[in-house]
Structures are given as C-alpha cells and as structure tokens.
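Dropping the structures in below, format is structure tokens.
Common to both upcoming complexes is chain A, partnered first by chain B, then by chain C.
Then we have the complex of A and B:
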C-alpha cells in the first residue's frame, strides 16, 4: 500500500475524493433538511415545537384513515407518496433571539444542487417566507419553507413529491402550522 | 450435541428471546419514569396512593381495571405515573436528548413541545393492529407519564389533531372523580 502511495502521490487524494464526493452530493440532494443546529434556540424560546411525521407514521396514517370519511380520505390523498413531514418552530418573547447565522445555515443547505427557491410565493404572514423545491429531474423530491419573523422562526420540510397546492392543503393538518401560503406560481429563480 | 438437546436449547433460547423482547417493549414506561426520577431527583407517586388520597388519578385506578368511563384509550391499557409538588429544575435540552436516545429504538418521536416551564412529548409505536402512545408532560412542580393503547380509529384522531387528542387522553387518564 505504501508503495502504491509512493508511486502515485495523488492516489490517496483521488481515493478520498472518490469516497467523499458522492457522499457530499448525496447529502446536498437530500430532501431532509438538517435542523439540529437550531436546538440551542429552545433555551431562548418561549415555545419550541418539533413535529416528526416520518414515513412510518405516514404509512400508518394511510392504512388507518377511512376512505369513507371525506376529511380522512382527502388527507390520505395528500400524504400518499410522502416520505416525511417535519416541522421545527420557535416562538420568542423578544426580538433578536435568533441570529442571521442560524437562518443562513438553513439557506446554505437549500443552495445545494436540485433546490430552487420559488421567489414569487407570498404569504399572509408578516416577515419573510421563503419556499424551496427540490427537483430530481422533472420530479419534485421535497419542499422546504423557511418563515422568519421578529419573534418566530419556523421551518417546514416535506420529503417526497409535494407541490405548493398540496402544501397549502396540508397547512393546519398534522401540526403543520398555517403559514398562509398564497396560490402557487410557477416562475422560478435559480440565482439565490 | 444430540439433535434432541439441540432442540431443547433452541426452544429455551426462543422462549428467552421472546420474553426479553416483551420485557424491552413493556419496560419503556418504567424506564421513562425512572429516568425522570434520576434526572430531576424526584419520586413518583403510585396510583393506589393517589386514588386513596382522592387526588388526580382517582378515576384512573378504576380504568386500569377496565372501567366503563373510558372514551379514547383501550380498556385496561392506561399506565400512569404522577409526580406532584416536586421541583423539576434541570437542563431540559439535556433531558430531551437523553429521553430521545433511550426511546429511539422502539418509539417514534411524534410531537415535542418545549416551553419556558413546560415540556410535552408524544411518542408512538405500532403494536400489532393497535398503537401505543407515550405522553410525557413535565412542568415546574409536577409531571405525568401516560402510556395508552389506541385503536386505529383513535390513533387517526391523534395524528390529525395531536394537541387536542393528546389533551383529551391526558384528561381521561388523570381526571378526578371528585372534581
């Protein structure tokens, strides 16, 4: 092995790149946003909500929701095919409890390959609401909503084929907060 | 080892492995209660004591025996531990990560709500054709741990409205007959 590295000094680097690059790419295209870096905000928040509606719960819901019940049938249709719905939300008593770096760490993940910010989505809520879609080819692989107000920070991450119309219908269900997302628009902006 | 002995050993191993699985699943409620006791240096009160004292869990004692007043939880499925008039001072983030680590193998964390003086956790798991739900509520001076089994219909209610159904189950488990 030593002689191999001696003969081809770039081999270790090449090997490392071959190992690491696919992992980085896979992570960058992961529709699940990592939010653990926000956990420290819980000590400053007046309320922190973590909702994990993962694939096993979605499958259970799809199995037990009654098709004859209009409400349950509609929810079943909405969640079919989804791999997870995750919500992390913080409410604060005062302004300035979270930093730009906290939010930027989320945006950095959403700048990865495949993610596109929908710039013309609006919300009835105050503050900024950013909506991102993850495209796998022509298929939607996930969606993320980042809602930042002076005293509230909310991240909604839906894994699986979801569009804005579906998101709007999911608002208020399963603990997904009502973000007041307005009608979907198709125009996209790639330079975030 | 003869074939006969091998069969005997296999049967014994099978029985023990089944027993340990049942024990592991069944023990999570007690583990959580002990975890709270150790983390916060508190002691829970048994349901019979509470029932005698006419405190919160009065009706629960009857329900555990399969009382008729149940609405949501399956008959006889409620496990309850109550901590009253004790201090729950400690790093709640540390407690949450300890709790999540302890339950992550067999339970799914569904909803976790942390407030300035309150922590609420709902964990779920499938149990054959029914669902186990574990509620943990910790406030400044009291805490409650409730485990119930729900029918698919009532589990659907919980999924649709975790807050409302969670409160209803907690009330059902801890309501005081004398109130």
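Then we have the complex of A and C:
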C-alpha cells in the first residue's frame, strides 16, 4: 500500500473521486423533478391537482389492487417497480396566470444529463406539450410530461421503469372516457 | 591480459585494471548509515496521506452503510403490515385489568400473568387499529394513484395525438363547416 501511494502520489485523490463521482452522477441523473416552485400557482388556480407518491405509498397501494381483475392487474404491473409518481396540474379561469419562467424552471431540469425530449408540440392556440424520457441504458428510468396551455399547466413526473404503452392504454379505463383516437399502427394500416 | 581476473578476480591481475580499481575504489559502497544534516528534517506528511485516505474511504463506506440500513428499515414495517391484515387473536380471552391492593405480595405474584396477557391483548388491539388506518390509507393512495396515472396517460396521449397532427375526422368536419 505504501509503495502504491508513493509510486502514485495522487492515488488518494483518485480513490476519493471514485467514491464521490458515482454519487454526483446519480444526482445529476435524478429522475425526480422539483416542482415545489409551482406551489404559488395554487392560489391563482380555479382547480389544483397535486399528487405525490413515493415508493412506499406505491407499494401500499399496489397491495390493494385485485389481481383477478384484469384492469387492476394491468395497472399493478404498470406501477410495479416505480419509485415515484408526481403530478401537479393547475386550471385557471383566465389566461396568463403562470409565467414563462415557471415553465422554464421545469425545462431547465429536463435539460440535465440523461433526459431526452421525445415529443415537443407547440401550438399558438393549444399551447405546448412536451414528453421527456430519462434513459438508464436500454431501460426507461423516468418520464416527464409538460403540458402548458393558456389556462392549464400540468406536469407529470414518473420515476422508475415505466411502460409507456401500458400507460397510454390506461386512458379509457375505470370510467375515464376514451377519446377514440386510433392507435398509430391501425392508422398506418388504414392509410395503406 | 588475463580475462579471468575480470570475471572472478582469479589469475594474474592486469596493471591497468588494478589502476582503475584503485581510482574507482573510493566510490565503492560503504555500509555506513546516511547522516542527514541537523537542519534538514524529513517530510513526514506523506506518511499520513495514505492513512487519511484509508480512513476517509472507511468513513464513507460506513456512512453509506448507515444510510442503506436506514432505507432498509422501512421494508420490514411494510411486511409486517401486509402480514397483519387479519390480526391473530390470542386463544385465551384477555382478562380485565386487575387492581392490586398494596402490601399483598401473593396477589401481586398471581396477577403478573394476567397483567401480561392484558398488555398483549391491548397491543394486538392497537395493532389492528393501526392496520385499519393503514388499509384506509392504502385505499386512498390507490384511488389517488389511479388519478395520477389517468392524468399521466391523458397527457401522454394528448402529446401523441398532437404529434400525429389532426385526425381525419377533424379534417372532414372542417370541410363540412367551411
């Protein structure tokens, strides 16, 4: 050991870096988005949805799902392995209740390492919808959806390996009206 | 010139070699310990650097272990909650609390066992109450989680629809209105 440190005098520094760097990297690729800066919008909003589920709550909820029910079994599969589900949604009665800085603060976090913008649709009339994915190798490590309309601001953050296909299919189940939009594959077939 | 002398100093020495040996002999290794001048002190700082590095590494590993143990400590509680959905009731019915008059040791000895049972029974009752609360919380969490997932699904589909552009139905309607 002594000879090692004498031969390579910077070995302690390297050891410290090896210990600290993974922690820094893990922090840098944090799939959890900080949304607390949006809390002040609740006072201006006509309707606010603020849902925060950490892993403990998800595990507790997962126990309640009925495996014999097909729909519930699907949702249980969807939430299995998730580390957190966080939703903040504000509906306003008037335009311009939130600022560009509010949205930009979220985008700034999603510009961090690991995050990839999957979808970005901007419309003057209908606002902006952005979908971001955090990839851990080949696996999805997190999802973020940012929907900013004139009178509505919604941020969804799912931490953990989320099945996008299964999540997308959830709309229309459990009394949620299905808007009847055809799946992309079917649409292609029709085009042909 | 005798080459053997160069190898193992056997045979007749060559005068030139001997001359060279005399000149260079003064520089031959002498088994005398190194004596440093009194004003020169060896730098002892380097001795502690490796020890400090090892200590720091061990400390970090220890802290990581403590954090890991704390995180793991939540898991047994959840298992306990899961097991105790149907709380086990002791076979013997819990005795009512016995008031023991002071100074009666015999009675005190007899009352120790029922007293313990009473405590166990009260703990079971308390645990089952907490289970009811946790089940209610879980039900509430389930409903809210469903809402969160619905919103996530809705917004994901909205993004997908917008990315795909207007649907054929919408275009047809626009023509009809126009």
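Definition applied: the second predicted complex is superposed on the first by the 132 of 192 C-alpha atoms of A that agree within 3 Å, B and C clash if a C-alpha of one lies under 4 Å from a C-alpha of the other, contacts with A are read in each partner's own complex, and residues count from 1 in each chain.
In the analysis below, a residue touches a chain if its C-beta (ideal position, glycine included) is under 8 Å from a C-beta of that chain, and two chains touch if they have at least 3 such contacts.
Computed from a prediction, not measured in an experiment: that's the story for all the values here.
Visitor: With both complexes superposed on chain A, which partner does A:133 reach: first (chain B), second (chain C), both or neither?
Guide: The answer is neither, since A:133 touches no partner chain.
Visitor: Identify the partner contact of A:164: answer first if only chain B is touched, second if only chain C is, both if each is, neither if none is.
Guide: Once the two structures are laid over each other on A, A:164 reaches chain C alone.
Visitor: Applying the document's definition of touch, where does A:106 land relative to chain B and chain C: first, second, both, or neither?
Guide: Neither: A:106 stays clear of chain B and chain C.
Visitor: Decide which partner touches more residues of chain A, taking chain B and chain C as the two options.
Guide: C
Visitor: Determine, under the contact definition given at the top, whether A:48 touches first (chain B), second (chain C), both, or neither.
Guide: In the superposition, A:48 contacts chain B only.
Visitor: Taking the superposition on A as described, I'd like to know which of chain B and chain C A:39 touches: first, second, both or neither.
Guide: First partner only, chain B.
Visitor: Figure out whether A:145 sits in contact with chain B (first) or chain C (second), or with both, or with neither.
Guide: second
Visitor: Considering only touches as defined above, state whether A:78 meets chain B (first), chain C (second), both or neither.
Guide: In the superposition, A:78 touches chain C alone.
Visitor: Let me test your reading of the model: by the given contact rule, A:56 touches which partner, first (chain B), second (chain C), both or neither?
Guide: Once the two structures are laid over each other on A, A:56 reaches both partners.
Visitor: Going by the contact definition given at the top, which residues of chain A touch chain B in one complex and chain C in the other?
Guide: The overlap between the chain B and chain C interfaces on chain A comprises residues 49, 51, 53, 56-57, 60-61, 63-65, 75, 174.
Visitor: Quick one: which bits of chain A touch chain B in the complex? Just the residue numbers, please.
Guide: 39-40, 42-43, 45-54, 56-57, 60-61, 63-66, 71-72, 75, 173-175
Visitor: Can you name the residues of chain A that touch chain C in the complex?
Guide: Where chain A meets chain C, its residues are 1-2, 5-6, 9, 11-12, 15-16, 19, 49, 51, 53, 56-61, 63-65, 75, 78-79, 85-87, 89, 119, 121, 123, 126, 129-131, 143, 145, 147, 154, 156, 158, 164, 167-171, 174, 176, 179, 181-182, 184, 187.
Visitor: Quick one: in the complex, what on chain B touches chain A?
Guide: The contact residues of chain B facing chain A are 92-93, 108-116, 124, 126, 131, 152-153, 155-156, 159-160, 162-163.
Visitor: For the complex, give me every residue of chain C touching chain A.
Guide: So the residues of chain C in touch with chain A come to 46, 49-50, 52-54, 56-57, 60, 74, 78, 81-82, 134-135, 137-139, 141-142, 144-164, 167.
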